[in-house]
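Just below is one structure, and these are the notes that go with it.
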Amino acid sequence: MIRRLFVTLLLLGLAGVFAGLVVSYSPDETLNLSARYYAEHTAQDIGAANIVTAIIVTFRGLDTLGEVTVLFLTAAIVGLVLSHGRREGGGSGRELPPAGELLGTGTRLLVPLILLLGAHVFVNGHLTPGGGFQGGAILASAILLLLLTDPLRRISHRLITAIESTAGLVFVGIGVLGIVLAGGFLDNRILPIGNLGELFSAGAIPIIYSFIGLKVGAEFSSMLAHLSETEDL
Amino acid sequence: MAYIAMATGFVLILIGLYGALTNRNILRMIVAFTVANTGVNLVMVAVGYLHGRTAPILDASVPVAEAAERIIDPVPQALVLTAIVIGVGVTALMLAYAYKLYESKRTLDISAFKDLKW
Amino acid sequence: MSFEWIKIPYALLTLFIVANYGFLLTAVMAKIAARVGRRHGIPVWQNYVDLIKNYGLRSSITHGVMFYLGPVFRLTGGVGLLMFVPTIYGSEMFSNMSFAGDLILALYFVFFGSLGMALGAGESGHPHSAIGVTRGLSQVTAAELPFALAVYAVAVQYQTLSVTEIVAAQQGGILHWTLFTNPLAVAAAMLSFLGSMMRPPFDVVLAPQEIPIGPPTEYHSSYLALMQTNRAIFPIAKIVIYMNLFFGGAASWPVFFLKVFLIYLVSVIVGVVFPRFRVEQSIRWFLIWAVPLGVAAILLV
Amino acid sequence: MVSAIYILAVGLGTAFLLGLLRDDWRAGAYGVSLAALALMSLISAGWVWVMAAGDGRAVEILTAGTLPPYAINLRMGLAEAVLTLLINLTGLLSAVYLRDTLFKQGRRALATLLVFTMAACGIVLTRDLFNLFVFFELVAIATGGLVLLSRDQRALAAGFKYLVASQVITVLLLVGIIFAYHATGTLNIDGMAELSARVLQGGALAFFLMFIAIVLDLKPFPANGWALDIYESAHPAFSAMLSAASASAALFAADKLLLIGGPTWLPVATGIGIFGFVGANLFALAQTNDRRLLGYSSVAQVGLVLAVLGQRDLLGDRYLFIAGGILLAHAVAKAGLYWLSGLIEGRELKAWSALQGHPILIFAFASFIALLVGLPPFPGFYAKWELVIALAGEGRLALLGLILFGALLEAGYLFRWFGQALKRERSLEPVAASSFKRAVILSAVAAGWGLGYIWGALSPNGNLLLAVPLLFALVFLALEPLSVRVKNSVAIVGMVAWFLLTLPSYDPLQLIFAAVMLLGGALVLLASYQTQGRRIGFYPSAMLMYAGLAMLILAEDAFSFFAAWESLTIGSYFLILRGQRSEPHALSYMVFSLGGAFLILAGFALAAGGDPLFSLAGLAQVAAPIAPWVFLLLAIGFMTKTAAVGLHIWLPGAHAEAETDVSPMVSGILLKAGLFGLFVLLMAMGGQQLHGIELTHILLWIGALSALIGNLMAAFQEDAKRLLAYSSIGQMGYALFGLAMMNHLGWLMALMFVINHFIYKSMLFLSVGGIAKRTGTRDMYRMGGLITLMPLSFIAVLIGIIAMSGVPPLSGFGGRWIFYNAILTADYRLPMILIFISGPIAFLYLFRLIHTIFLGQLKDEHRRVKEAPFWLVLPQMIFVAFLMVFALVPGLALRRVDAYISQFHPEGALGWEGLTITSAFGYWSPISIMIVVGVIFASLFAWLLFVNRKAQKVKQFNIVFAGERPYRPETTHFAWNFFAPYRKALGFMTEPLVERFWAAVVDVLHASADLLRRLYTGNGQTYAIQLLAFVVVVYLLRTGL
Amino acid sequence: MILLIAMSLLLSLTIVAAAILAIRGGQSLAISILAAGLVSLLASVQFLLLAAPDVAMTEAAIGSGLTTFLFFFVLGRVRGGEHD
């Protein structure tokens, strides 16, 4: 009880800080310095219609690299954690009743569609809302579906890892190419910018985002797979 | 509107933290943290909101030339995107930990893991 | 002041006079103490008899080098002390070897004999000797303190450490004596004097009844003879210092004899009146009664 | 040089690449990872080289081909280069260290380690706030993974607590970042710094949140339970990375944020930092787990650096030098210690006793501790010097005091630990034999010494590692495999040679000290020939002490003086620690010495007025309001070394428990360093008044009390060496008294004590040491009657005590004579009473010393005891000869000094005509005294020989015991509780009040540490609450102020 | 416009209510997790209102979708732990 009271008091203090922030907050009337630059220069410099994508993949590409690294790391660590002290010998040997026919069929039907949707989302990331992360999450949901239909299914970790690693390497490689061929790390202008709004535009962004999509998908899948392979406690 | 979202966000943060700091159950703590993270995301997006503008996507309705007057600030959105992904990463990690912790002591009570102290 | 060869015979003469005076004086004092206690006492020549007897003893043992050297140290201390202070004021010839050092030398040389004796007694291996030594050392730390303070007061008063100069400053009438110009210092010093004379009430070092004669327990024959000689010379040498510092010194031998007698008498009289103190009692006694006097003396100088 | 972005690219690329490798190809994966880390280190090293060799201008690295603030940019400057090098090397070495674990865990662990290293570099390099956040998250997550490398099951819980805490931090940081962005329209740190004013008006709260979040990443005390748990349970190699790499990176991030915060936020950083420094060090006192202790120490050190970051406003361009020095020293030392802890099986501090028998590892341990504490010649020392000078120059004294206090606490527990490791019963568990792990540790040692060299080279005060005496001492590290005889000869020759070499540059005062310390030291070293084998550790320690002494004498500026002071302190600590039961005493010696050293440091700093090159001569120019304080600080500092009463409790144990030939070094020689300091101080500053009190009068009292208490305590000791040790306190009291009299003869007397005390105390310690060696005990009552068996030792003791007691005709009398002459002109008389009483008390213990050992009854078990070894007796006999010569012609040593002192006290010089020495009051002719005494003694001796020629030699036991034969020699030897009646009378003065006082201080510190550390309940949720409470409290304090 | 604000307000209230539901200790963990997912989902609607479609998509797909599944995977494995 004392703990609750104390926490409440502390949060009241924090709420004071937040209240201060809200009170002193005044919405901008116009875009600030950075935002204005992005609004005005993205089209010609980057060639991406979706400015958020341009920022994510290019201007703040390093963040994004870090971001996929976070997922990569999480996937690796989840694997590490869950294999930590894991008894050898693989599967639990537990027999579950097979999933319903409906679900099985649905899955077989849906998985390719979902994968396609995911690919669409990240390939068009520079044009429309969505991109590698969203697309990757969608890809992972396909795997999720597979796992749901057959909890004992073992997803090929090798494949997932290979995709993940390759995508990551390509990402870094493109970044390095930016230094060699263009103005700096992760500069997208190693490829022609093309025309705004077209699929093949915005330089390397679609490529990068696609690989991000693959990578994110692989990473989420790997996490899900690892968690699903845990044993009941 | 920005104010509403912002206030909601802050409230979510506080609620989340309250939950994380008072629930002894590790899974509940993690749930509470996701709530707090959502709150943070709300606050961030709200900060970038400009009244009466559209999403920062150049298309037919937002020509390049008018972009600076028509769109809202894209930066917070980019940041939030990153934050969400990082958040899910951390959540996944914490969940894996929770599983292992449960495996080690057969309990999810955080106060049971006090072997290390002082 | 410097050394001349003629000083040597004169020093020997001084030594001879003081030694004989000492033998007689200690016997006389013993006699006085006995009479006060309604006893008959010893004859005044008893010391000479003892001396001859001790030298004449044939059986003699030694416990080792330090044991052997102990009495030598002891007597060297006594003789040396006598040599380092001028005996007769104004007499170049009876100033002895005082050119070698001043008052401080005399003060520290007092310990020479005690130290040697203590070492010799130590090697005798007799526990009573060691007990006597510890008692003596313990007591002397407290007893010396008022004296040191008094000496310091006197030195500050006369702005010199030279014994001759201190005596010179006291010439010109009895009222120039330190006794009257600085009575606090003299009072402190005289209390200290009582403690250093190994007489009751401060004779626990020798404590004839419980630890038969203390440090010299094992000594006999010619060793004892040397120490007896010292027991005649040493107190006189010490009294000479007191006389010079506080009582105007002595310009001639008769005055010397008189003053030494009187100063010695003080300790005897006190001795017959008071019972013996234990060591810790005497230490406290000195710290409580004598030291404050000394402190007052150095502060008021 | 290739772009710094490759550090990140290589790290990441390799991490991704690992996924493509086959699972079972572990060696390959491991090799690739190592290669990547090596490449990253190489790039950093290249940049360090570029920056150091070039103009050091930072290079901007753009990404996305766009200029900042629109795209993320990185920056590589000198600080960045050094830090990334540190991080990468730590990663590389830890990876080497972790070989077996990484092999077992496979490529995921390798990738995590790579990402951790990469991300820590990213934190350092990036100039973008949000990017900073991303890297922080990466580090946090990687930490969550690497914690699990530990075999310790508890690491799991620790990792979770860590994640909980980092979640809270994330929330605060993100909210802060977004509002700061809103306020400035940029995420670029430099851009925000330019708009600092705007941030601080509209976005003050935003900045607060960002700042506090970064501070929380520094694991600030006391909101850091989660971090401590990690330190305790994680694999030591990872703890090394956490402490060295991630803490350094986080500190640099805090530094970047302070760019934005500007001067208004600097005090907050300082406040949090210093609170953590003191608090964590306090808590560490109560730790018994090695890794947790190191964790507390890490927290403390990070706090210190944070406090320094907050002082950048006054440190100016020395800021990097200072903060960097402390940070790098900490990083290297802490990494090294964690790595070292991995070799040791047990987790108790005592378990480090397993190191015994591994001299190289012990050397590493000692180096790391010295690095951490900031002892010379390591970077922390230079840094602390300049920091303290700057702080004092600006009047930030409270901070200065707290820093020194915290450092003292830290030194306390570190050296306690070191002592336990060396002296406790050796742990049975072996030290892990892995050679590559050892190589990693040794590379940390090398890095530490290398940094010491670099910092020395960068310091305006000169490089200590180029000082010849110090180098000479270090040479002995290399000579360790040789035998004692060779090393001893080299040492003696070296010391004499140095003395001769520097002879022309000494003034008479320095000459006396140099002769005592160097020639005297060489003489004492003769005794070391009697030891066998290689005597590992002895020579480097001893020579370090002597090097310190040699440098001390020649020091002209405050820095070199202080450096020398610290060197001799460390050397003597190691030396003292060698004694068999000396562990607690060596510790208290070290703590007191360092406490004293810090006071000296503070004194110099106060006097220097901000000038790090302050010369000792400048002390004379220090003006009124601070001068007395400078005087006080320095005087107390020096008095810890002379063991003045109140600060003396370390001495008896330290001197008594030291080895036979070490006791004379630390007593006869080392104590003089304090006197030398006092001489320097008084010569430069003279008397000072504080609130109308003449400070030298206080010194008079202290000196007199020391003399009294020292002598009195000595009289009651049963242990011969303790007796001598207490007597040193008394003797130093005399010397202090003489100095404080502030007149010509007082100083002369003090100098006389320097010489005399050296000679007779060295002689006595050697003699007693030899006896203890032969009899196997130091308790005097167990001895007795040894005179016939050990005649030479007896002669040494006899001469020693005659000289010491001041009985004519030996040299001690000269000291007394000068003393009496000196006090006649002193203008303050009360304390003399104490001196007067302590003089005779000296007789008590001196007699006891000689009587109970050599005289009285010989014990049966000692009947076959032989004379002490030749090499112990030889120096004693040389000392005897010296004493005799010095007794006869004291003018030989004193005359020139007498003239020299006239510069300072023209009144009262002695006359040296002919054979007689004259003062204004009296005279003294040593030769005449010797002759007179000699003649009388000889005549009487001859007479006795003549009349007593037939004396028969009998055993001591042949005594008359009241008519009965005593039963046994044991019961007949009167020795135990020798001065019982004296104790009855004055025993109350020997009540160990001072000891009780210091014990109470230590107890209070320990008890409060033990009580307060219960704050760390172990509950991860509580930790998170504390974290939030920390935020709120800082906020309230900040707004309240 | 007013409509938009009203919607937003309503949404916010629902979000807060869901959040409170999510962190309350009394009910089953599954409900908590679902409530937290709901918070995310509703928040993504809020994002849409704030003209942030990218964020909205991400929050919906990752924050509410994936995370919830992750939770359930673990919840399913720690039977008995949910009542601690």
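The letters A, B, C, D and E name the chains in turn, as written, and every chain counts its residues from 1.
Everything that follows uses one rule, which is that a contact is a pair of C-beta atoms (placed from the backbone, for glycine too) under 8 Å apart; a residue touches a chain by one contact, two chains touch by 3 or more.
Everything numeric here is computed off the predicted structure, so don't read it as measured data.
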item: Chain C reached from chain B - shortest hop count over touching chains; value: 2
item: Contacts common to chain C and chain D (chain labels); value: none
item: Chain pair, A-D or A-E, that carries the greater number of C-beta contacts; value: A-D
item: For chain C paired with chain E, centre-to-centre distance based on mean C-alpha positions, whole Å; value: 106
item: CA centroid of chain A to CA centroid of chain B, Å; value: 15
item: Centre-to-centre distance between chain E and chain B (centres being mean Cα positions), rounded to whole Å; value: 11
item: Residues within chain B bordering two or more other chains; value: 2, 7, 13, 16-18, 20-22, 24, 26, 37, 39, 47-49, 55, 57, 75, 77, 79, 81-82, 84-90, 92-93, 95-100, 102, 106
item: Shared-contact residues (touching 2 or more other chains) in chain D; value: 130, 134, 137, 141, 144-145, 156, 175, 179, 182, 187, 1025, 1028
item: Junction residues of chain E, two or more chains touched; value: 53-54, 58, 62, 66, 70, 73-74, 77-78, 80-81
item: Touching chain combinations (by label order); value: A-B, A-D, A-E, B-D, B-E, C-D
item: Residues of chain A defined as touching chain B within the complex; value: 3-4, 7-8, 10-11, 14-15, 18, 21-22, 25, 27-32, 34-36, 38-40, 42-44, 49-52, 55-56, 60, 63-64, 66-67, 70-71, 73-74, 77-78, 81-82, 84-85, 128-129, 133, 196-197, 216, 223, 226-227, 230, 233
item: Residues on chain D engaged by chain B in the complex (per definition of touch); value: 130, 134, 137, 140-141, 144-145, 153-154, 156-161, 163-164, 166-168, 170-171, 174-175, 177-179, 181-182, 187, 225, 228-229, 232-233, 286, 1013-1014, 1016-1021, 1024-1025, 1028
item: Chain A-touching residues of chain D, taken from the complex the two chains share; value: 3, 5-6, 8-9, 12-13, 15-20, 23, 61-66, 69-72, 105, 108-109, 111-112, 115, 119, 122, 126, 128, 130-131, 134-135, 137-138, 141-142, 144-145, 148, 156, 175, 179, 182, 184-187, 202, 205-206, 208-209, 1025, 1028-1029, 1031-1032, 1035-1036
item: Residue ranges of chain E touching chain A (in the complex, touch as defined); value: 53-54, 56-58, 61-62, 65-66, 69-70, 73-74, 76-81
item: Complex contact set, residues of chain A against chain D; value: 3, 6-7, 10-11, 13-14, 16-18, 20-21, 24-25, 28, 32-35, 37-38, 41, 45, 58-63, 65-67, 69-70, 72-74, 76-77, 79-81, 84, 158, 161-162, 164-169, 171-173, 175-176, 178-179, 182-189
